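By written order: A, B and C. Residues from 1 in each chain.
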Amino acid sequence: MASVVTRIKRKQIVQLLEKGKRLDGRELTDYRELKIDQGIIERAEGSARVRLGKTEIVVGTKVEMGEPFSDTPNEGVLTVNAELVPLASPKFEAGPPDENSIELARVVDRGIRESKVIDTEKLCIEKGKKVFVVFVDVYVLNHDGNLIDASALAAVAALLNTKMSNYEVEDGEVKLKSGYTQLPIKQHPITVTCAKIGEKLVVDPGLEEEQVMDARLSMAIDDDGDICAIQKGGTGYFTPEQVIEVSKLAKDKAKEMRKKLDW
Amino acid sequence: MPTFYEPKQIVTPGDLLAEGDYLAGENTYVENKVIYSSRLGLVEYDNKKVNVVALKGFYIPRIGDLVIGTVTEVGFNGWTIDINAPYKAFLRPSDVLSRPFKPQKDELSEVLNVGDLVVAKIISYDRSHDPQLTVAEPGLGKVTRGQILKITPTKIPRVIGKKGSMITMIKEETGCQIILGLNGVVLITGKTLEDEQAALVAIRKIEEESHTSGLTDRITQMLKKNKPAEEENKNE
Amino acid sequence: MNEKPEKLIDKKGLRLDGRKPDELRPVKLEVGVIPNADGSAYIEQGKNRILAGVYGPREVHPKHLALQDRAVLKCRYHMAPFSVQERKSPAPSRREIEISKVIRESLEPSVFTEYYPRTMIDVFIEVLQADGGTRCASITAASLALADAGIPLKDLVVACAAGKADDTIVLDLMDEEDKLGKADVPVALMPSLNGITLLQMDGKLTHEEFETAVNMAIEGCKKIYLMQKEALKAKYMGIKEEAEE
């Protein structure tokens, strides 16, 4: 359910955009201030906290041993879940995951999976019998817009921070050894979201911008600069030209961010 | 100043109808100074106005419309009526009884009960409020006999015909009384069941073939043809 | 079905089902197939068999979900347990929930919801048999169902996917290409307004490949759009011919 935004606010945002400015003074293609902390949850095998403006996401990873899927017997399992916890926003309610948290989880999952962040074959312990299962849990703590980019960054940061137990296989049984190994990370995808307001495109929409936008387009870019996931959201539409414009913006901003983060 | 379709051609939503100095009529909309169709229907030009006569639609209440509805609930302060629209209609006792009314549920259900059919008029309706009805006018009120049929409301004008030609003809040929609710509900009251059936079949056929030409003649012929057959059946 | 094909495109440049890279699968559309629904449509595309039904505008239940200034559009995409190779549980999966959302967001831009405040329009999609590209075929059918219900629309919405199989950009992926290919780009379009209302992608594509895929999908959409219009008019054209003989 959309909260009612006053017409005056929408007008204000649109008028500022005409002049090339946003409510918080940013340029149309600027990200908000970004802070990433890793290893903040000791009990988790990996964790990260991302603050993008006032949007705050914590991702914790848990690595367990389990069975592989029948059609990929020599690959480990990666699974992503997201929770829009009630304290993060007056609009979030307690209960089973709704379509928004499911979409968020699946979009973050796609970015990680399609870019092959983890070489899942390296997670195999015993083909067809035992593999590592990596649980990535996205926890939204404060919603001030653009949960997708922030969650995607937090997920990759958490995976970079994740370690799995050392083990040895003795007499067909898996035994844990002391010590850990870092998860083998091959790629560092970065997702860039643009919102369309009127005929303008803005990068990293804030909450109020999301409330008045026509639609949003998120693109995950891998280390090679290629696109590995896209998701359009919202009840408006993009022209084909705008889609191409967003893809160019996404490529540039991902490159910028990658340099800044040294990923 | 171009238009892109001949009159009575079938158009679909999103079809570009006219550019330039035209007015957007029924079931059309304007985007970037171009008129598009918003429904499946037949194009019609009325001077500079471009209309689409919808082949299928549903009823949206209008103040003053005559409608036929079914009572679905008897509440403490009135009746809820299903008028075949996305909005439920309400009938207050003051718009039914000609005398002041004491709020006792029993009394209300004696006047109109769940399942009763009423012919009513819409007295108020806007975007924030459900429609309100009245039956406190001559010709309105509870219906006790006859046959009911529902047709798509956009076809009611076709059933009426130019200057009432079609409906008058049906009434004459079948000897039935026909009340056409603008909400697509039609009440047929005749002397015999066969007469009512004949009228019903005729109206159904109009609904199905409303977009064709020569319809009035075909319906007239059909009704005239069936009449002697009825006499034969009676004699058997 | 259990053998994975080595190549998706053969030496002659033809796909597993003999199609050229830019060829659509055969499409069949029928409108008004469910008498009880206010509007309905059926699509066959390749081996996809999908039904869409629309109820509304009607009263909102529960009442507190009603919007004061427009209609609420709801959409449910659901796959029958027998629609896929391995029986699928009838309970809604996370994939179905996400697809329901993106389909709703692909149709809503076309609906004049502001004409019917405080009402609800329900779109129900049932996939009876799946063969790759179900969300696109579903959108194509659902839009027809909305038009069949007499709901005013800015345009029909039509959808088609393009992708990458082996090293070729191909149109309208079938099941094997969807599963084994390198990228899948579903696109939904309102052709008269040149508006893309659904766009997703998974896989890996360079920017040039992506642009090629999107343009190819748009061309596919435009071809199916003509079929949609014919399907809508078909019932009435038939009656017209018969009656005026």
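Keep in mind that, in the parts below, a contact is a pair of C-beta atoms (placed from the backbone, for glycine too) under 8 Å apart; a residue touches a chain by one contact, two chains touch by 3 or more.
The structure presented is a predicted model; accordingly, all values stated were derived computationally and were not measured.
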Practice item. Taking the mean of all protein CA atoms as the centre, name the chain whose own CA mean is closest to it. Key: C
Review point. From the centre of chain A, which chain's CA centre is farthest?
Key: B
Practice item. Compute the distance, rounded to whole Å, between the mean C-alpha positions of chain B and chain C. Key: 34
Exercise for review: For chain A and chain B, let me know how many angstrom lie between their CA-based centres, rounded off.
Suggested key: 54
Review point. So how far apart, in whole Å, are chain A and chain C when each is placed at the average of its C-alpha atoms?
Key: 27
Check your understanding: What are the residues of chain C that contact at least two other chains?
Key -> 190, 193
Practice item. Specify, in ascending order, the residues of chain A that touch 2 or more different other chains. Key: none
Revision key, fill the gap. Note: chain B residues in touch with at least two other chains are none
**Study point:** chain A residues within the chain C interface of the complex
**Key:** 1, 97, 99-100, 102-103, 105-106, 110, 113-115, 215, 217, 219, 222, 225-240, 243-244, 247-248, 251
Review point. Can you list the chain C residues touching chain B in their complex?
Key: 38-39, 56-59, 68-69, 110, 112, 115-119, 147-150, 152-156, 190-193, 228-229, 232-233, 236-237, 239-240, 243-244
Practice item. Spell out the part of chain B that touches chain C in their complex, as residue ranges. Key: 10, 12-16, 27, 29, 31, 36, 38-40, 54-58, 60, 86-88, 127-128, 152, 154, 208-209, 211-215, 218
Study note, to complete from the structure: Within their complex, chain C touches chain A through residues 65, 94-95, 97-98, 100-102, 105, 108-109, 185, 190, 193-207, 210-211, 214-215, 218
